[in-house]
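For reference, the structures are reproduced in the following blocks.
In the two complexes that follow, chain A is the common piece, with chain B as its partner first and chain C second.
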Partner chain A sequence: MAYHLNFGYIWRHFDKLTWGLVLSLELAFVSILIGMAIGLSLALAYTGGGRRVRGIVAGYVEFIRNVPLLLLVYLVFYGVPSIGGFAYDATTSFIITLSVYAGAYMVEVFRAGLAAIPKGLIDAGKAIGLNAWQRLIWVRLPTMFRIVLPSLSNAYVSLFKDTSLASVIAVPELTYGAQWIKTNSFRVIEVWMVVTPMYLITGYALLFALQQIERRFAIQR
Partner chain B sequence: MIFALQSLPYLWQGLLITLEVSALVVVFSLIAGTILGVAIVYGPRWLYWPIRIYSDVLRGIPLLVLIFFMYYGLPLFKINLTNLASVVLALSAFKTAHIIEVVRGAIQSIPVGQTEAGKTIGLRFGQRLLYVIAPQAVRRFLPPWINAVVDTVKGSALISLVGIVDLMLAIQQVIGRTYIPMPLYVLGALMYFVINYSLSLASRRLEARFAYIRE
Partner chain C sequence: MAENSKTSPVVRIRDLRKSFGTNLVLDGIDLDVQKGEVVVVIGPSGSGKTTLLRCINLLETYDEGSIQVDGLEVGFRDGTGGGRQRRSDRELARIRADIGMVFQLFNLFPHLTARENVVLGLRKVRRLPLAEARRIAEHWLVRVGLGDKLDSLPSQLSGGQQQRVGIARAVAMDPKVLLLDEITSALDPELVGEVLTVVQELARDGMTMIVVTHEMAFARDVGSRIVFMDGGRIQIHGTPREVLSQTRHDRLKAFLARIELKLH
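And now, the complex of A and B:
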């Protein structure tokens, strides 16, 4: 009883996978944007704030980083609406989860980036008479972004892989597409043989493309 | 709230599975990752590329996809494992790839002069590795390794998706019976948090312990 591979059903429903892949990339993109906004504001609050602010930010970061993403996905999708008395669709729920998750990692990235700005640059800003806001906008943030760029592209690719968890709350991304095909055709092995390279190739293509951008903005030493 | 407390013994059973799977994966990936990590740095060329490809491929696919692939795919090669063994294998294979990179980074952070000094005083390869490289590399190895251990505990939640009753699935099942999601998710999150946060604290303790090595 040899098993015969048969990819016919997968090719017929390949659009489920391509659109799933597009949705995966979108989910990761939206989440990293919101995550960056969360991360940047909290990193600035942490760097400039007092003990209490630091404690709150550190608590948020440690909590998110030490709890499985899967549990956070369930918690936001099933848990929060049950006490809030409202509902949102799975995609919104997953974007919220992944953004909050990305935010915790972004805080660390931006905090390290802000700390890595040479003191001389900030002093130079003071010397030419920029006030604190101007220094932030014109000196600290541009320098910080160039320092953290490699971490940002790694985080984006990592979030892209994490979007596979959205399948557990039926967000129609790539892994969900795979499971849909699996359930309808029982071509279990074939579908994973197709989907795994899709993740792999997309992930590395993304990383390669982002590295080109990094090189363009890298600080020359 | 009383339901959440009554469910504690059941969650405890799940927690034990989570810890058991994590411990096995940590041990397996440490052994395999160290061997392959040393091999990728010091091994011959024909060994470099297979390990490099293994590590890059495994780190390039989502863990969830890898778990499903192994869980459903291994029987095709006439390898019939229990569901627990198949997820331990998937998680170990995934973590090994990460440990390889941690070991490689730790070894390569040691200046070449150290190896040369070892050669000069007549140490063989094994002796150099054991007495010169390892004691210094272990400091660079520990913090990212403990990160990987925390990641293993977190990643083990995914085994609930192939029907293994770990802490995650135990929580889901209790919610399925009681219909009180929020307290149980928070309870579960706290349980994971306590395990992982104490690991992170241990990591900081260890870093201080190995601070005798000068940069």
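And now, the complex of A and C:
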């Protein structure tokens, strides 16, 4: 018996998917912002800090990198509140998880970027009389961001895709919307046929936009 | 103090010593540079001349001895009981603001245009209003022949043009002394002239300079004095005529022979 594709139920509940996609983008955006703040602070602490600071930062990075994100999602949503004796909603919990996760990857990106700043530029900043703080703001950070832009773009797109894991704690993002439709209609193939291109096109559009920014800010040699 | 400043040197170096690990790079340097003088430092690579220059604005720290710029000890604050205390980053920044430096590899800020490269120090260090900072930057960029390149990024400029921006960036701060560290070594031969011409004009205007270079013609024509360094010491020191006539000095002879070979 041949399988007949039927998208009717999906189109009727398509708002679950569009709003899911919007939420996915929001989750990614907020987590990337917080993750960048974490990553930049810790990368600077690592670069300027002593052995103890370096050890703590390296420990955080290694922990996050070697634990599956799915496990972190469960851990933060179910584990942390029960230990701490409080509760938060799934969305907040997931943003915390993805931010901490993003932070660990950003530390590595920014650390490499800071190390790749030509030493001569820092000398030049010193020579015109900029103090350490001014060198950071006007010389090191602008140079570093231009160096790390390609790595950042990759991280952004990865993190956008990682938002799909929020579905396991019932955050109504795109994958959760897909699963809801699947459960209620049993149209398994159809729903993934629709959702996959949604991820694909959004991810590609994101990458394209970031590449335009890269091109605009790249340091020509 | 005020009457003194006329005769006291802009840069006063006494018994300067510095080592990298066990390698003694500067082995007791004494040097005075008077206002308006152009002191040219020559010597084989590894003789310590770049390190000497980098110690003067404390891009390198020194171990012993003293460097004073305009009467102020560069590396240390007076400590009690003979102990010396290293200066804080902020104190150093203030001192460095009065010491200009131009680098072998230009070291222009790659994300800033020619004008912004010059404006940065005027704004953030001298705290000038934007309009005035831009006016000064444009004045100096025109002086070095880059009036039509104000909005160019370093990547859009030739090596010689980049180095002239580097000079403008340093002199716009109105430094008490300008340090030039092999500023033509990374340039194609045909671009050396345009950079040295700018330096020559600065010398004519009375800019105090310490110049590390391999350009012997420049040393002879523009230098008030030549210092020949080897092995971390000043071997010969005098007017260009005095120094370049000491052809019996073995090390100088060997050095000059190598330079000639490089030129041809």
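We take it that the second predicted complex is superposed on the first by the 221 of 221 C-alpha atoms of A that agree within 3 Å, B and C clash if a C-alpha of one lies under 4 Å from a C-alpha of the other, contacts with A are read in each partner's own complex, and residues count from 1 in each chain.
Assume a residue touches a chain if its C-beta (ideal position, glycine included) is under 8 Å from a C-beta of that chain, and two chains touch if they have at least 3 such contacts.
Being a predicted model, the structure only gives us computed values, none of them experimental.
Contact with chain C, but none with chain B, is seen for A:N131 once the two complexes are overlaid on the shared chain.
A simple residue count on chain A separates chain B from chain C, and the partner touching more is B.
Once the two complexes are overlaid on the shared chain, A:D89 sits clear of chain B and of chain C alike.
Once the two complexes are overlaid on the shared chain, A:K161 sits against chain B while remaining clear of chain C.
By the touch criterion stated above, chain A contacts chain C in their complex at residues 118, 120-121, 123-132, 134, 138-139, 142-143, 146, 217, 219-221. Taken together, the chain A residues at the contact with chain B in this complex read 3, 62-63, 65-72, 74-75, 78-80, 82-83, 161-162, 164-165, 167-168, 175, 178, 188-189, 192-193, 195-196, 199-200, 203-204. Touching chain A in their complex are the following residues of chain B: 56-57, 60-66, 68-69, 72-73, 76, 150, 153-158, 160-161, 168, 171-172, 175, 180-182, 185-186, 188-189, 192-193, 196-197, 200.
Considering their complex, residues 57, 59, 89-90, 92-94, 96-101, 103, 105, 107-111, 120-121, 124-125, 153, 155-156, 169-170, 173 of chain C touch chain A.
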